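Paired with chain B in one complex and with chain C in the other, chain A is shared by the two complexes that follow.
Now for the complex of A and B:
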């Protein structure tokens, strides 16, 4: 008998992937711009701390309407995306639909909003579209997967000659319904966060006031706004009931003012002039035949902004992703029934809600005060925010595990009972989150790190929409490539064994 | 059918009523709190003086204000020096009609953390080389444009090469907080915000101080679209200008905050446009 060969076991593949990710992150660390300055943050941190202890709920004007706006944008945007996403999900077998959906979800909500701002001003339509469009792309992909992976047997058993619609309604939807519903609810939480963040660019949601009070150092007001926001997110499972949704939607429609601004001239101006590359504006389309007219412009943009932007974005996102993974493994026991008694879990949940609800920009600012500017605050902020999200999901997932009555306890339980069982899920979540982290590196210009998002933001600020659009397209392409890579990795590892969980 | 016609008429009427509301916005640069309350009072004042409906739209960024002005969502705007130039470039016949008294000689402060050892001087010290530096918002005149101009003038190189790192804090108060904590070593800030925060006790003078102040330049101004007379009648622009110049209620003026408004013209901002062009912020 020969000694057993070293089989290509699933566990072996997980180990190799984990090691590969860790090594890539280490390599990225050597390229990364990381620094720690000897700062004296205590004066400002003291003011922030005092603000957190003395929240001021009455200093912010039109607070109630900001809360209502935040919820209304989220509810309507997610509802619209739910429907359009579902339709695209039915057409998802076409490659073109897949690519289109990947493209629209690769662009950050804030950038969609900045684009629509040019067409519709700071109105309801801008906010709705900024949420509905990227969410459509996300819903389409996820719903398509859920439908594909649901139990197919009922559909195979319907009598010959049954109509497509009846088959669909009675045999395809029911086995998938619970997952569709769960996912839609989870997206609503994301929608509320997105809606709040849209306030940063001027929509009248919670983020509008949060950004104002935080940047002006009015920390008591900022604290009040943050606490309100935490409460909204933490209580979401209490107030979202399927039968209440139509009522909420009706209220949202009634509440939001649809007197938005719109004109053909603006549209023509935007499409026919603003987003046309500057060197081609006066010369017209025939100038395309003469590269000397536009090549210097393009070359400049590629070499000065796109290329360094892509490198920095990739370096930053891969380190942040691995840091996020490490954090997740440390945090999830806090909310897991396998490790924590009830009271401990409540504290754990509170911590995770706080970490995942503080906008990254604010987290990054606080860390920046302590560490000084470099990629470090960005990495920590992104890791904390996304780590808290995955830890929350893994915690919930681990609750469903059944251990033997005589299973070990403490650290042994963690290492030998739970970790092996959650690891495929964990890797799947993490790889999916990579794409999200990439998008989010966009909003950290305060750190002086030149990611793609930094340049896009500058282009909008300088009202150079031609550059902004081109850079956005490049971001979308990088995102799509990354998404493909992550999916290829997942497929190789067969991480999709339980796919309904894997995509949160 | 009749119903439909009424409906269409109703829409038209509401559209024209909407168009006849004179709308303005104001760049939030120095104090972003209670915008609606403060500028709602300005809207009331203008409404009384002009005898028409006046509304205020809050905005969050320079770019949003410029877009609103260009798309005729607002017809009047309180812009910074640079944003005013950018906005008027995009709207034919638009005009700067009034500026704050203080805006005729606005200035920026360069501030430094004490650990840098930089001391106040008549020029920017060459020891600035290799420090970390933060501007305010990317589109700010006092927090970005003019400081960058003087840096380039003195050192003959771009800030990105002069400094080890260049950030954009996004806000003057945040610039102060970041330099005060030593996170950034040096920063540039609107002088009025510095003075206000200093008076409010929000600055720890043992760790941060002013090391240089720029020469003065024109900054904030009211700009109005060229086509307002066509909508609200001949002489409307002149009446708006008069209403702004004769604003003397201290409570209203405190919203800006300015002691009074004085005449302005597009030519006053030619130096700002020139600087913006030399830096490559406008084409």
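Now for the complex of A and C:
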């Protein structure tokens, strides 16, 4: 007997990658702490549910100003990053610029905020810079990619000697403009989420009140805040109009108080002393020559904090990424014309909008109240938020598929007609999203999960800024390495579709 | 066959001598020798894939400053209006400031000039519409407008009238000849080639197999350009 002929298909390669990721996630699960700590989850869940049904819009003090602050930080931060990011996008062919942008976007908004908190206090400048800096790195990369992928032919046809600026204005910007505009709007939506989350470290945005209400068990107030937040995000395309943006920016500038304290002395203290590794502070740079002075300090930091932090961050991020993928595959039919009638789709869209509107940190914080502290709430939150985003994109992508008139229906259609066709796009989105998931995984540490963020947050609390900075740098490096890995996987499977929106 | 001596009216403008070109291991042009002089009107014929577009690009690169080029893919900026796309033909002529100004708010002067040109091309009604809302033929006329607006002495076009009907094609080719002293155009329509041009160059599989004045061209010579079916 001869051996049966083996299949050799593209789908087979996708299957092997998926299986590999799933097995890695299973292995990670054995290392993860996913205990259900809370002994009476139903009681808390019931109270939260009751709160959601009875929102109290008048209980929260200074609600209107919290909304205004959230919007003002987001608008100004994104506007500044839009300009600086665009400038960097034009210089993006230089490796140094690429590296710089990768570094500033690998550090999460909240980490930037924790840093600036030490310099400028809980002021406007802290919130603004915390959004503007990482967003600059993100805008630079995505804008550079959009400009590169746009139609190049008009620029090749302009008469010789037309000048850089004229060529740019006529032949390079217009073909890319719609994409640039859409991406900027999407970033503004992210900016509102980031701005709200900054409340968790004390800035007066919606997140501050959300944390307070939830921590005190005032679930009706918390529900009101959440609903308000949904309304803001869901209506963004209604109130953002190009000609209104200058007006909004002027209002934001007028609204935010620019009276934060800062002095050369604090700056000097911070840069010259606080962030210098402790063993080097008195001995100076010469001490580097004598490892016995600083090696125990570094070894302690690496073994006690960095290593467990990195392991936990990677473990959590891969479980979350695979969970997110599974959820995506379950959710996208809800918003696809191939599977759902009109009414069903609007319900699906509503569900996805709600899930992706809530920032992971806030979602994890709510789930944490029910399950108690472990990796579980983080996994659920990351999977729900990111799964909803990718499901939305895949749903839209599947709408463009042309099936033959007599194509099968139901589960057969899903498995034979649709899944093989959307799978490369799905994998590309998921791998793009992995880096984002890791950034968020690190930050979820401030909720008490032992990822890198936990150790960074603790270092800030203990005023050990030297440790905090070193750990932030390590987080950024791990993130950049992961991005490279995801990119290598995409390239190997030739998954280079054009998923601008899933990038961050 | 040996190529005839340039029969133009002026100095040699474009010249190739035993030029061969390979792209990704595939030969596109083999041993091409030709001279085009100022004042000549030349049609380039041959089946698709014979190397016409490559030859045109090569010729354009010899006189980049002087040539108005109209490629097959048109290269229009889809979201911009017909006015702006035509205006782009003179980006090198005006100051950067003037260009930016016209991008945002066109001046009356440019509007009048380009409006008149668009009227000749039969697209005056679409001057303020973006190109992505036009039909294929209208887009092609916009691309022609951009080339004409350059007012260059040399026109190089790759199937510049492929998307318009025969009657309009006639008028447009006449307009191109009238506005440029030297014209080199690739055409798939042999009748148009014979009607509007003094000289026909035939390409087959990357080689020049025909190069003769139109009035001395026989139908057998013409048929030799195309593979026998």
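Definition applied: the second predicted complex is superposed on the first by the 453 of 504 C-alpha atoms of A that agree within 3 Å, B and C clash if a C-alpha of one lies under 4 Å from a C-alpha of the other, contacts with A are read in each partner's own complex, and residues count from 1 in each chain.
Just so we're on the same page, a residue touches a chain if its C-beta (ideal position, glycine included) is under 8 Å from a C-beta of that chain, and two chains touch if they have at least 3 such contacts.
As the structure is a computational prediction, the values presented were derived from the model and not from experiment.
So, A:369: does it touch chain B (first), chain C (second), both, or neither?
first
Is A:44 touching the first partner chain B, the second partner chain C, both, or neither of them?
first
In the superposed arrangement, does A:171 touch chain B (first), chain C (second), both or neither?
second
Between chain B and chain C, whom does A:448 touch in the aligned arrangement: first, second, both, or neither?
first
If you tally the residues of chain A touched by each partner, is the higher count for chain B or for chain C?
Ranking chain B and chain C by residues of chain A touched puts B first.
Do chain B and chain C land on any of the same chain A residues, and which?
none
In the complex formed with chain C, which residues of chain A make contact?
151, 153-154, 156-163, 165-167, 169-171, 174-175, 177-178
Once bound in the complex, which stretches of chain A touch chain B?
Within the complex, chain A touches chain B at residues 37-41, 43-44, 47, 59, 61-62, 114, 117-118, 121-122, 199-202, 204, 208, 211-213, 215-218, 221, 259, 261, 263, 266, 278, 365, 368-374, 445-448, 457-458, 460-463.
Hey, which residues of chain C end up touching chain A in the complex?
Listed in rising order, the residues of chain C that touch chain A are 64-65, 69, 71, 73, 75-80, 84, 87-93, 96, 99-100, 103, 146, 150.
For the complex, give me every residue of chain B touching chain A.
Where chain B meets chain A, its residues are 18, 28, 31-37, 57-64, 66-68, 71-73, 86, 90, 115, 132, 134, 137-139, 165-171, 173-174, 177-178, 180-184, 197, 202, 204, 207, 281-283.
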